[in-house]
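Labels run A, B, C and D following the written order; every chain starts at residue 1.
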Amino acid sequence: MTHHPAPEWTISQWLNAPPDFGLAAMRGRVVLAGAFQMLCPGCVSGTIPQLREARALFPEQDVAVAAIHSVFEHHDANSAETLRAFLHENRITFPVGIDRADPENGGVPVTMRAYGFRGTPTLLLIDRSGQLRRQTFGHVPDMQLGAEIGALVSGSMPALGGRKS
Amino acid sequence: MTHHPAPEWTISQWLNAPPDFGLAAMRGRVVLAGAFQMLCPGCVSGTIPQLREARALFPEQDVAVAAIHSVFEHHDANSAETLRAFLHENRITFPVGIDRADPENGGVPVTMRAYGFRGTPTLLLIDRSGQLRRQTFGHVPDMQLGAEIGALVSGSMPALGGRKS
Amino acid sequence: MTHHPAPEWTISQWLNAPPDFGLAAMRGRVVLAGAFQMLCPGCVSGTIPQLREARALFPEQDVAVAAIHSVFEHHDANSAETLRAFLHENRITFPVGIDRADPENGGVPVTMRAYGFRGTPTLLLIDRSGQLRRQTFGHVPDMQLGAEIGALVSGSMPALGGRKS
Amino acid sequence: MTHHPAPEWTISQWLNAPPDFGLAAMRGRVVLAGAFQMLCPGCVSGTIPQLREARALFPEQDVAVAAIHSVFEHHDANSAETLRAFLHENRITFPVGIDRADPENGGVPVTMRAYGFRGTPTLLLIDRSGQLRRQTFGHVPDMQLGAEIGALVSGSMPALGGRKS
């Protein structure tokens, strides 16, 4: 398995973070990120709680946790106003970036297209040097995700027997 | 425990139902209804799946299942457009009424105020004759809710040992 | 669907009940019973907690809850001594009868053979008049089970859309 | 936090392993072990599935998974015969050692006393050099356990924000 640098995210607006936030600001730390839509049931019941648990578990200086709101359906229903209320109700305090809309590409936002997300939720794991180590559509079990983060924080990446993307 | 007639709901717009839908249209059937907000995590993870399960389990001619979108916070974030997308993503096909907003009463909508909902989710159980038999803020376990519906369909209401509102 | 009287259980020993306990002693009440093996994981994680919840929910005078320990494998591992410890550890206070072993029939105990249990867990629902209304191998969702008990307590049995045996 | 060498286990009989199995045979690998009793509900619903998931996730050459059956109550109910059936029913294929009984010490078995287990389940995590890195009575969340194993496999141990023993 070879890796490649994680493409920079194209964000139209950051919530819970300064306007110039992004991958560059997290460089040097392991980055766990989830691409989601707030109206996607699997995102709400699976990915959001998992990101929240990771944020509570890992030290800030070792692991950055962030989310990308990649809206590719129901665009009118997904306003920044509604997202802000969603973050409040779900007690999300880590940075959430709104993936930049791209009306010319069938409504698929820019970061989603650059990474080739197959849908939401999609989980990203990026190492300290900015290499994309995992991109998974769907759910990764807590133990496997924990093991990969624990190993990346220590400088290596395990070869695990669990589900791979 | 004495009962009283369930007050009519004041709905500004029905989704998944004709415009003149309401309690009167469901009279003669047992009515299970959940008051919710789509950005309320407990509503999404608990009440909505429970209503969906009840809809799948009980025959339409015996049990009516409906929901009331009672928005009392984040009003701007809860557009009808967003609610429509929420219903689609959560595969909700039963009637959902938007509780009529009331700007003059601290943002508490009309039906919520008439019933005295303490928040969302609130579960309502109404018998065939229109009497309100249960109004509970929070979650009612599946077995207890099933037992009460099963008994009301048969014409009586059990005295159970479970959690009461 | 026609019903038939529930065959009497053939029990070699009762725990949490007098020696002459059995279906006759429960007549007049709705009977919810689970046939289980204490080493069967699905019984421990599903049926036992469900029976315990039903016992806590329904009044004793309306609903009897009992279990039948129907051992058809690992006979030597399933002593009465071990069962007694199992009941203690799982806080089971309702009657549990040990299905009478039958060495001449491939190790299938008498009650299991009389009812034709396909394995464990098997759930039984018997009405006030002693008619067998449900016999299901595997799990019945809480809401469905609750609805059936609630209706049987009231004197009728619902036609539900849920999973049937 | 200083560490100390994990005391050798005192096992009267190994299942799923040769008779001379033990910590020495696992030296060089990270060891995840759970002390349990097969009639302890929290062990059956929590620890056993977690050990099984770890066994499926981590490579054998990096992580050894084992269990210790530390019976301190209901001794007569916990025969090796019953344990063997339990392992079969729960599809446990990793080594399980029976903690040596000690009738002279109130029924607390030898390994349990040497480690000072407060009860079952107790989770042990031992690094490649044989140092005891975690001893926890109760449950450790999957993500935290995964992170610690992932880090120990890589040679370090993280300072996490989760629940500590």
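By definition in this document, a contact is a pair of C-beta atoms (placed from the backbone, for glycine too) under 8 Å apart; a residue touches a chain by one contact, two chains touch by 3 or more.
Everything numeric here is computed off the predicted structure, so don't read it as measured data.
Chain centres here are C-alpha means, and the one lying farthest from subunit C is A.
Here the spacing of subunit B and subunit C, counted between their Cα centres, is 35 Å. With each centre defined as the average position of its C-alpha atoms, the distance from subunit B to subunit D rounds to 48 Å. Residue positions of subunit C touching 2 or more other chains: none. Taken as a contact graph, the chains are arranged in a single closed ring, with each chain touching exactly two others. Every residue of subunit D that touches subunit A in the complex is listed here, in rising order: 50, 53-54, 56-59, 62, 141-151, 153-156, 158-162. Chain contact summary for the complex, subunit B toward subunit A: residues 38-41, 44-45, 73-74, 76-79, 81-82, 84-86, 88-90.
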